[in-house]
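Each structure below appears as structure tokens.
Two complexes come next, and they have one chain in common, subunit A, joined by subunit B in the first and subunit C in the second.
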Partner chain A sequence: MTAIVFSKRHCRLAIAMPCVICAALSVFFAFALVSAPTAQAAPSAAQAVATCNPTSSNGCVNGILQDAGKSPIAGATVTLSGAETGTTTTAADGTWAFSVADDGDYTVTIDATVASQHGLAASSATVTIKKSSFGKQRAVVRFDQANSAAGASSASGSASAASGTASDSGSTVQASGKPSGSNTAMRIWQQLYSGIVFGLMLGLMSVGMNLVYGTTGLQSFSHGEQVTLGGLMAYVGTQLMHMPLIVSAVFAIAVGALTGLIQNQIVWSPLRRRHVGTMQQMIVTIGLSMALQYTFQFFFGGNIVGIVKSVPASFQLGPVTTNAPTIVSALIALAVIIAVTLFLYKTRFGRATRAVCDNPALAAASGINVDQVVRIVWILSCAMAALSGVLLGIYLNGISWNTGATLILLMFAAVTLGGLGTANGALIGSLVIGIVSDMSSLVIPNDMRYASALAILIIVLLVRPQGIFGKQQRVG
Partner chain B sequence: MNTLTIITNAAGEFIAPTTAAYALAAIGLNIHFGMTGLMNMGQAGFMLLGAYGFAITQSMGANLFTSVCTALLLAVIYALLLGIPTLRLGPDYLAMVTLAAAEIIRIIGRSTAMTHVTGGSGGISPQNFTEKFEELSPLPDGTTKVLLWTYSNNIANSWWLRIVAWALVAIAALLCWRWFHSPWGRMLKGIREDENAIRSLGKPVTRYKMESLILGGVFGALAGIIFVLPRSVQPDSLGRTVTFYTWTILLLGGAATILGPILGSCLLWVLLTFVKELMRGTIPATFITSNQIEALGWVIVGIALMCLVIFRPQGLLGDRKELAFHA
Partner chain C sequence: MKTISRTRINGITHRNLRSNASHRVRKAAMTVIAASTAAVLALAGCGSSSSSGSGSSSAATTSNFVLGGLWPETGSLASLAPPELAAEKLAVQDINDAGGVLGNSITTVDADTSDADHADQNTSAAQSVLSKNPSFIIGPASSSVVKNTYKTITAQNVPMLSMGATSTSLSGVSDYFFRTVAPDSVQGAVMGNLIAQDGVQKLAIATFNDEYGTGLRDTIVKTATAAGVSVVYGETDTFDPTETNFSSIATAIKASNPDATLVIAFDQTVPLLKALVSAGVNTKKLYFVDGNTQDYSDDVDAGVLEGSKGTIPGVNPSEDFVKRLESTGVDLKNVTTYGAETYDGIILAALAAQKGGSADGKTIQANMAAVSGSTNGEKCDSYKACVALLKDGKEIQYQGQTGIGAFNTNNDPSSANIGVYTFDASNKPVFDHTQSGDVPTE
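Let's look at the complex of A and B:
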């Protein structure tokens, strides 16, 4: 009985720890965010019909028509010419958008009298749309900025990072203003840095997933949706319920933890009791992943939603360009991973968890409540996934219904590389995957970089299937 | 929207080429999973390779026979590449490797660097690869109405394509029926039930598994060709989700049965379309938009997959004793 009492106490600790760390560090981050001058509002956040999101079949030309004093100009006529033509009027908040199907150059024009009336620098701007390129599928035109063409190109970088497959890491945002490709050493550092940041976030997701695998033998496809859930809940918190970011983050983590508990009680625990095979359970997670993904799409639409609606100022840190939220997010991820590792190795409950990982039957025989351990692991894992979703959403300037789904294979790659079912293997694996996938864009085209991470997964499975830290016994 | 339109649209899915394509893919998956117990989580990879092999050679001006052969050859090579290293290992290795490999094919296919070959994420548009197939049609030009449905005879989503697609499905089902009841098929079932027992009889288990992987993959490639003919080759439309739908279809109809994949495919698409059309017809668009109904449809598929695996893993036609998930 004492064991159970103990584990209950530790279980609270387990949930409390990430929350506390997160909250503490978020204070920082919120300050940094407030003090950072707001460059511009993210154009993609609104869910109005007038909003355009680039997909594989359409690109976007959009913008906000504002006068020099940043107040919106409503009802102005915007004309699009070039590969396709169109006309629209600006909405009450000055936004306008065109969804275009063809690649090519587009010229956006507003009435010259409107431009001069409101003291705008230009009345027309030309942008290039290329649907297949992440950086060029969306062009943002700002007539109130002196050099509208340059303004458009730098804004397109930040918008595209938030769009599409969530694959774009901060590097795109930060590098966009710079002469790209001129300095190879600089690029290597920048990619290494964004790889590490991405790897840390991936690590936060993978550690929890790996714990679930270790204790139950289940490779969960729906873990990606837990990440998405976290990001979306933070969006609900900040944008819909107008709570501060930290409260929203805690709210997201709480929702994540709750879903972990509920799904363990309703689905996984009964399945384990019925001795349903892990392969069969894996297909159940696929079904769950599909159902959750499209539930998100149902409620939040196909657009990217922004957790925070401002683009923070970037600054130079040694050889890399970065911004405060990125650093704080990475630090939070690192801190939580360290906390979980300490928890696994230093506490009684952590030891019990590792015992269950090694041999559930033996652990049960020696008095460990395996069900309890698995329940806590599910809660912890989903809470961490939610936190990583929040951090990812901030880091990538937004989150969409399928963000987690695009990352799930990278998580598999990370945990397989590190060693399935090992605690710290996931972190190392994630860092390697993050760095390799970001660094590989130096040699192979940027949109192929995830392929390199998956190639690692295949090679590891073939050469050393137990991973770096795994035990030999799993082979074959 | 009136009732007749809903029923026409839903029942139209019954004979749609896409339904046939999914049935073919599920037949291939049935050879992998139902007969041999291989966890292929990358059937979409076979389909995409088949589609690319067909469409690219067609756009380069090859004749139909060469194109189909190229598609099938690609599937064979791909199966060999995947199978040689992984078939000796446990079932979860094949699952992971096929999943990752299918994704790699998709990522490379949609990459901008490959635009001159695959058309990048925009893909290959139909006028580049469907002409020769449409020319082959013996049907006269124009449209024909049969019972409730009116389709063009030869162009795009046509009667000609429907005839070819379902003929292929029938041939595939017939072949499967022959194979299932041949000594070779019994060997595969033996491998599915107990690999070591078969090995103890001195049979080359890995070779049999490889043959199964190749055959199923070839059906996957054929399915890919049928899948892209009424639309265009778009790498993103043949992603992971297609594999998952194929699994749902197979498990719905019943793995290790001949007609299971076909029944599963028809049933899934007809029901799904019916539910979606019904919602479109009854729920006002101001309350739930068309996109949301589309999403809701997939939520239903996901939940159906979960419930199937939990409550009736043998599907509608299957035999519970026959189907075992070996983990």
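Let's look at the complex of A and C:
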């Protein structure tokens, strides 16, 4: 409302006093100028101002005078000719501006010696002002084009195709970055690193999912929602209950473990007792996945929520930039995966779990309480998913209602790649998926990078159908 | 036509009586086919705008104005829903307080469209609102969702108005599609010049792969490169709208060593911002567009975005208007984007119905341009004042919250405003200035 009233009033004033606003601005900012603007009373005089914004009664010809290293050139004289004329000098930060009342062509000129002294490509440029057109009500004139070959005519200017190659080379100045070769090397290391970190977190989820598959033969599509739940519970802990992060993480894991227990008792155990087929159970997990997703959305909304608000200071670790939470998260994920592997191979209960994986009927016959094993596996699997949700939420800077759903296919891919039902396989598969998807953006468009990971899956399965670590199974 | 008459001649001359019965059957079948073809064509929107629109439920004259609303209550645009819903409530309240449309209070029917990733929900929401025979539909806000729904709606001769669909390709898609927001071509021009005049030499761009994102990016790149800015990353690179892992994008942007970074996204912005911070990109030199110029004070540490800039089409809603939006009881969560556009859209449609004397779709469609000011009528700035003028038989020009000009031949606003904002130390966008100008019609 105010703006409309403002512009109306402005129109009325414009009849009597062109550019009264700009004049006021120029008085206000006069101290910022090296010399006072030329206050010519002639009708064809452009107003030299400190900052100019186009309105219905004035257009702007403005710019910033700097050399190719972005150092401002202060105190240089800028001359405007054309439909209106004027002169100004650049401010300390290199900016200059003319407010013009008439539409038409304007030529901006700087001293040729200044241009050559600072290695600028040109010393004059012609622009067109049309107040009613968004594209032409403000003309920005720059003489410091990064590629020295192109002229400074702002009408057509440097083709963007040429600009990519000229980003570093050709400029005579200090501030240019490292040569592009080391940039590529830096990206390779950095993306390898982020691929490993992401792979470890994916591994943490996949190992749990694979354990459930191994002991019950069930592919759980709702495992992604267990991950989301973990992240969201950590968000509840830190942002809503204002608990420290560690306490919130423990809280999230406890909630995750509890949901594992509850869903085994209420859903999976009765279904197993009634000998419902794994295919039907899988459909149940798909339904559960959708129900949970929209429950999350109902309570937490469609936005991405952050577990931690602050972004910790990053530091250089060899060739990669990282920060403490990322390293700690990756180490926690690795430690938990190792602990679970040791648990499976070194403890009595772990051996029982592997026995159930191999042959549930035989395990039951030899005195192993299969139901007890499956219950513990569900709890363990959901607790690991919750932990990975917390770590992922911190690493990816936020978690939303559908984060898990976007990861479930990658989890399946990782598990299938590594070998269904094997704990180590899930980890290796996850690392391969993580590294390939993160590093593929070096060569293919970024939004296609998950496709590359899934392409690897297909290729590996063609060569080794049982996955990297899977046992060969007789068919028929 | 030719085939039918030849059959008739054959039937009468050569087959006499016996064929007459079969001919009648065939003729009836032909009529059915022709009629159903016509119906299909009408449904598909292939008929010209002057077609009679037979079978449309909204063709009859009525004085009951039913406002349909399509809102992004869930999905990636959910943050835009509160101001839109508040504006709807406020507009309905203002209209009914002023005596309603044609003497009757207006009623509303709403549905949640979600985002373009849930295309099934887009169409089912449109169908559910259409089933209530709305006079006019406000929304959806997203260009992609508009594309998924506008054919269904406009084929029923129900006018629709989007408060936020800025895709340039939507200009003039249908006589029944209006918008109170300027197409991206104008925002892009303002943003491109803004980047250039700030002295940026090397610009990196993070865009999500969506019609809105890539369209706006192309306009900005064109304007900025014309003024001497080099694009070092993102001229063609995009990321998936459902992306959650932004580390490789942030790494690529950091490696391109930009002076400034332009971010075109919706709610993906927050994790992307944090990824940029961790990668060491200068977040005090970011540029945002209307999809993500919003309050980040709850999302990132104070000072992270200080000095970054953003553009939002439309005027900065006045404090008075924001207060009135808040008075509806909807929690705006500090977002006012498209609130004014929604409000003005509803008021314009109500005025069009009032002017035409009927709340059916065709009448509203025919009068939208006139009440928005294409006939240079008397200016009025509230529903109440405008209705009073209409009742006196005068032409009006509604001057609403958005400050847009009359609808042009593409049903776009003929002139519009682009607001430029600067982020303060608490990461809130603070209004800097408005640029206004004409929206191109070609």
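The definition used in the following text is that the second predicted complex is superposed on the first by the 285 of 476 C-alpha atoms of A that agree within 3 Å, B and C clash if a C-alpha of one lies under 4 Å from a C-alpha of the other, contacts with A are read in each partner's own complex, and residues count from 1 in each chain.
What we mean here is this: a residue touches a chain if its C-beta (ideal position, glycine included) is under 8 Å from a C-beta of that chain, and two chains touch if they have at least 3 such contacts.
Note that the structure is a prediction, hence the values are computed from the model and not measured.
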Which of subunit B and subunit C A:D447 touches, first, second, both or neither: both
Touching partner for A:F412 - first (subunit B), second (subunit C), both, neither: first
Subunit B versus subunit C as contact partner of A:N183, first or second or both or neither: second
Touching partner for A:T295 - first (subunit B), second (subunit C), both, neither: first
Touching partner for A:M279 - first (subunit B), second (subunit C), both, neither: first
Broader residue contact with subunit A after superposition on the shared chain, subunit B or subunit C: C
Which of subunit B and subunit C A:Q219 touches, first, second, both or neither: first
Touching partner for A:G287 - first (subunit B), second (subunit C), both, neither: first
Set of subunit A residues, in rising order, touched by both subunit B and subunit C: 56, 131-133, 297, 301-302, 445, 447, 450
In the complex with subunit B, residue positions of subunit A that touch it: 56-57, 130-133, 217, 219, 267, 271, 276-280, 282-284, 286-295, 297-298, 301-302, 405, 409, 412-413, 416, 444-445, 447-448, 450-451, 454-455, 457-458, 461-462, 465, 475-476
Of subunit C, residues touching subunit A in the complex: 74-79, 185-186, 189-190, 193, 196-199, 201-202, 209, 221, 223, 225-232, 235-240, 242-249, 251-252, 254-257, 259, 267-268, 270-271, 273-275, 277-280, 298-301, 304, 315-316, 318-321, 381, 399, 401, 403, 415, 417-418, 420, 433-440
Partner subunit C, residues of subunit A touching it in the complex: 1-4, 7, 53-56, 62-64, 66, 68, 70, 72, 94-95, 131-135, 137-147, 152, 154-160, 163-164, 166-168, 177-178, 183-184, 186-187, 190-191, 194, 197-198, 297, 301-304, 306, 309-312, 314, 321-323, 326, 396-398, 400, 402-403, 406-407, 438, 441, 445-447, 449-450
Residue ranges of subunit B in contact with subunit A within the complex: 39, 85-86, 88-93, 95-97, 99-101, 103-104, 107-108, 110-113, 115, 120-122, 234, 236, 240-241, 244, 247-248, 251, 291-292, 295-299, 301-310, 313, 325-327
